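Chain nomenclature is as follows: A, B, C and D, assigned in order of appearance, with residue numbering initiated at 1 for each chain independently.
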Amino acid sequence: MFTKQQLLSHSIEHVDITRHNVVPLVDAMSSMALSARDLARAADIYDRMLGDGECGVILCLAGSLVSAGLKQVFVEAVRSRMVDCIVSTGANIVDQDFFEGLGYKHYLAPERLKAGVDDDRLRELHVDRIYDTLIDEDELRECDEVTRRIADGLPPRPYSSREFIREMGSYLAEHGKNRESIVLAAYEHDVPIFCPAFSDCSAGFGLVAHQHARGDADKVSIDSAKDFYELTQLKIANPTTGLLVIGGGVPKNFAQDVVVAAEILGQHAPMHKYAVQITVADVRDGALSGSTLKEASSWGKVDTVWEQMVYAEATLAVPLIVGYAYHKGAWKNRKPKRWIRVLEGTTQAVG
Amino acid sequence: MFTKQQLLSHSIEHVDITRHNVVPLVDAMSSMALSARDLARAADIYDRMLGDGECGVILCLAGSLVSAGLKQVFVEAVRSRMVDCIVSTGANIVDQDFFEGLGYKHYLAPERLKAGVDDDRLRELHVDRIYDTLIDEDELRECDEVTRRIADGLPPRPYSSREFIREMGSYLAEHGKNRESIVLAAYEHDVPIFCPAFSDCSAGFGLVAHQHARGDADKVSIDSAKDFYELTQLKIANPTTGLLVIGGGVPKNFAQDVVVAAEILGQHAPMHKYAVQITVADVRDGALSGSTLKEASSWGKVDTVWEQMVYAEATLAVPLIVGYAYHKGAWKNRKPKRWIRVLEGTTQAVG
Amino acid sequence: MFTKQQLLSHSIEHVDITRHNVVPLVDAMSSMALSARDLARAADIYDRMLGDGECGVILCLAGSLVSAGLKQVFVEAVRSRMVDCIVSTGANIVDQDFFEGLGYKHYLAPERLKAGVDDDRLRELHVDRIYDTLIDEDELRECDEVTRRIADGLPPRPYSSREFIREMGSYLAEHGKNRESIVLAAYEHDVPIFCPAFSDCSAGFGLVAHQHARGDADKVSIDSAKDFYELTQLKIANPTTGLLVIGGGVPKNFAQDVVVAAEILGQHAPMHKYAVQITVADVRDGALSGSTLKEASSWGKVDTVWEQMVYAEATLAVPLIVGYAYHKGAWKNRKPKRWIRVLEGTTQAVG
Amino acid sequence: MFTKQQLLSHSIEHVDITRHNVVPLVDAMSSMALSARDLARAADIYDRMLGDGECGVILCLAGSLVSAGLKQVFVEAVRSRMVDCIVSTGANIVDQDFFEGLGYKHYLAPERLKAGVDDDRLRELHVDRIYDTLIDEDELRECDEVTRRIADGLPPRPYSSREFIREMGSYLAEHGKNRESIVLAAYEHDVPIFCPAFSDCSAGFGLVAHQHARGDADKVSIDSAKDFYELTQLKIANPTTGLLVIGGGVPKNFAQDVVVAAEILGQHAPMHKYAVQITVADVRDGALSGSTLKEASSWGKVDTVWEQMVYAEATLAVPLIVGYAYHKGAWKNRKPKRWIRVLEGTTQAVG
């Protein structure tokens, strides 16, 4: 029987796209069929987004991406001004990225653990499993505690998740133990991060503890409507947009919806001009995650000229697509949007 | 070429589980293999939840379930005290159920539309598509508008989604045009409904409009941390719980997490004693939706004695599983939990 | 640790569609969306095939269907003249159905075994696993041996798999220990069964042993081209045809191809007029199993008026679709085609 | 509306693994999670097979691989002695590879055609569709005709598919118009190719025409039992084996079964020592394609030390896995097995 120390001995190492020039391989895929062809077209569309000076790029993250070794791809994308805004599940941003920023790690599980027959034993050891990846649950509780302390230190009022995550970036800038963090890079490069279901992660635990301790007193709350309002302001301020969607779920829906929200505020905003989604979800269950980008165009959310679905698990497709755009280099001529500055102005004006 | 009127002519009719006694068929499935066997065991576990007087039943909804014809199943489950709490995506509760409560309908799309080649035309006609289902976009805008008016009429403060949805139930009780509504039935039977990503739906549009109009003045906000806090209070007040999870996503994660949240508040809460999940999501992409209930047990969230994954699209599995439990009739001896009453006490104490 | 006896204690019981009138439930599904709607339409198309006096019905079987508890559905379909011809993988017909005809059984595996961590132990015990189902490997070796004895008793020449399987039916009629067998029912009702990859099953083991023992002498061989030739004769003799395809693979392809084969023989044969396929295979990997019936129409194989894909695992969908057609009763007015008689004439003429 | 010429204007170009050194990228993937990690381990296992001088490598092909642009990967693998035997669906070998050897091509379909709404028009134009790939049906009929002429030129007797495919290789050596062919390379390098369901492809059409024309006279037949017998002889002659399985279906089952077949001939053969499978098929429908290699070990077919499933669509995974082994170079020190020579001796002795 394994010990906790044995289980947590092989750490995940994040892939570094700057070291792998995949351009020739992806270009070759463009004359193949099936997923290779779709992936090559998606990579080209992402490169076009970066070459279109007016386009703001919104990256949507769902699934266990950071824990799976993709963190550095997104850190690099932020640093290389290949993304202007991130919409994510809380798990990627808080439980996984912020967690690593605090100095903790993810670990490769022995193959056998995938089967699920040892999960009772893992629970006893305070080891949490994500398919083939392991986390020290005691470290995760520390992460909850840090988010609580951040909440405790803030003036009590409703915050967008974006505002709260920015405070987390500030915390990492001062106290972080691993500078390779999406939250930190986004903080440093004025890239807003939204988690529309923010309580659905480690931060939720911290916030519940915060609110409980405050009792009847004023407290920090997370206003999910404000998230939506802020993202809409960005769309209005920068009408040409592109989506790079990894997984589906709430981030995909939220980012798509912003076109309609702008219209509701009486501002005409065009559909997302570019859109790429990487997913293995199936269209046939009718759920949003697997729904096509064409379907989104019936809702007036995504234009149909430059859209591409890619049927692939993210750990294979993301290094190829983002790596392609990185080595093509359109981002080198791109000015950073620094959308945080738009929001901080906006926030003062309307909030 | 089709007209809008032609497209919106065949309305979805919701399946009525009270008219189909599937008990003999599901019992027969229990001696088969594969999904039939898993479905039969899941149905049995749900029936056990209802026969366990201490167990509070939490229903989690993700995917396009209401629009697909499953609304009446959930309405009946609420009325027959087969569910004590609902955690859902906003789409099911607001865009689809509340929408129908206002008197609008969903429509069967001609088969050809599934392919996506006519989506540009649908956009011109203001018809929105969910795979093989159609919605009148103009009616959906009305639904946004009603949520705005509800927000406008409330005292400005942070609300849990549960509180806001209760106001929607109150609205339907007075103004609704179709009494067959989950929101209305839940209102009448004191069943709380949580949408942890509440701005990610039609209500989000209404709330953005509300907040925009208020400008610098005080406004209604949706506190997603409060959602989590409230659900945790329910778990603490009623430690024995069972999950009936349809689809995955935020509702699944949120409902599972409450066990950990209780612990963070210093209250020991046992893992969910029973758990069933119906999904076609694949475990191999590592995302939460497809992750097994066994995996959740490594996190200390779900017990492994009475758990069952069912690999099936929901429109096939839900009528069989919920119909089985309905016709077995354990619910007839069950006292309603009326958890709204727990929360309204709680809310006064801590909010 | 489990013993062999413990493992092989709960036998699979085959579902009996005659006892479950699913017509009202399936009719209700026709006004729902997603898989429910597709399943209802597929059931209606199958019923139409049976009501069309000219239509010959070809049932295609792939996947572990018999072992999963669907055997009796197909036995009943043969007896109730709901099928005129079967094209199958060898596993369903030989390893599973003929095997049960010899008096052996399939067993429900304990849930834990699905995970695969006990497979080394199963091997030691001579227990074979199909996902959640178990087989006594020693009994399977007996099945191989019977097929060898059948081969040894036949005049040495090339046989179609259909001819060989008919000999297996004759064997069961005389020596079988369980009359509930597809092979036996087909033998008694003159329904031909083709296994186009016949050596890819238990019969292959028997035939290898037969051919090895014969050395240089004349021996029985299985002529897969003759299979194709025979099925083509049926299409020519009975031009109106419908396909009920469960799973994909070789049976689907083989049955579709017969339209083209007829043309190559200079005989115009219309496309399959009706076609239903039940599968969870994904269209996006480009393989035949998941390819749509519309795609088959580009090849001139399947007409597009009455075709329907159903996204469902077979143990859930087959009892509903075949059960629907059974209880609708169009088969009661249907004359059996007795296609064996066509072939035995044909065989004499051309073989 | 498109013309046939417009549709058939962009030909598939096959990816050339010799030009893309993916070793650093795949090595980086070995410290990631999910599919990246599994793919890296699979690539390592394939490299180990090639470094194990005793191991015979069996490549199994199912799905539309050649038409999708993977042909050159397999041609290169044959030429670089990275494979000793191929077991395939007929479609890959005859309709796609032999077809290209005759000088014909596959074409990229316009994206819109994937949806299936234009398939009636394709049929009128004699254009066949495989998801996003197109074929000139008239050229395919030429391919059928060539296989017929090959059959007509052979002495009438039962042939294994391997023998017949070898004649096809001989035909290409003399008459082929494109030397980049798996069938030709295998012919030149003495690599046997088996198609256990050989009539289920273009060759089936040719053979049906051949048999029909022969009437009562002696004719060429395809003995599928002989296929199995030959492959078993190879396993007995070379007990250490490894499987590289792309897709599932008949080729996977057939190659796995050979271990049992050897035992039935009274020869102990060890389980396949190495095994890799690339598939997106789901384990939950119980079919062979998605069944795990661990499950195969319960049947005594595959050892569990060096086995790996990879969840990926083949056009993405194959260039990485085979490319990795190519550039690692273990094959450079490998002696070709030239298994045709084993069989031709064997065939004389027992046939």
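Assume a contact is a pair of C-beta atoms (placed from the backbone, for glycine too) under 8 Å apart; a residue touches a chain by one contact, two chains touch by 3 or more.
Just so it is clear, the structure is predicted and the values come from calculations on it, not from any experiment.
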Selected interface, A-D versus A-C, where C-beta contact pairs are more numerous: A-D
Chain whose mean Cα position lies farthest from subunit B: D
Rounded Å distance, subunit A centre to subunit C centre (Cα mean): 47
Centre-of-Cα separation between subunit B and subunit A, whole angstrom: 25
CA centroid of subunit A to CA centroid of subunit D, Å: 40
Multi-partner residues of subunit B (at least 2 other chains): 33-35, 64, 67-68, 116-117, 130-133, 280, 282, 284-286, 311, 313-314
For the subunit D and subunit A complex, residues of the former touching the latter: 10-16, 19-20, 22, 24-25, 28-29, 31-37, 39, 64, 67-70, 106, 108, 130-133, 280, 311-317, 319-320
Partner subunit C, residues of subunit D touching it in the complex: 62-64, 67-68, 89, 91, 116-117, 119-120, 122-123, 127-133, 137, 141, 144, 158, 196-200, 204-205, 207-212, 215-216, 220-229, 232, 247, 249-250, 253-254, 257, 260-261, 264-265, 280-289, 291-292, 294-295, 297-300, 304, 313-314, 350-351
Of all residues in subunit D, those that touch subunit B in their complex: 33-35, 112, 115-117, 282, 284-286, 311
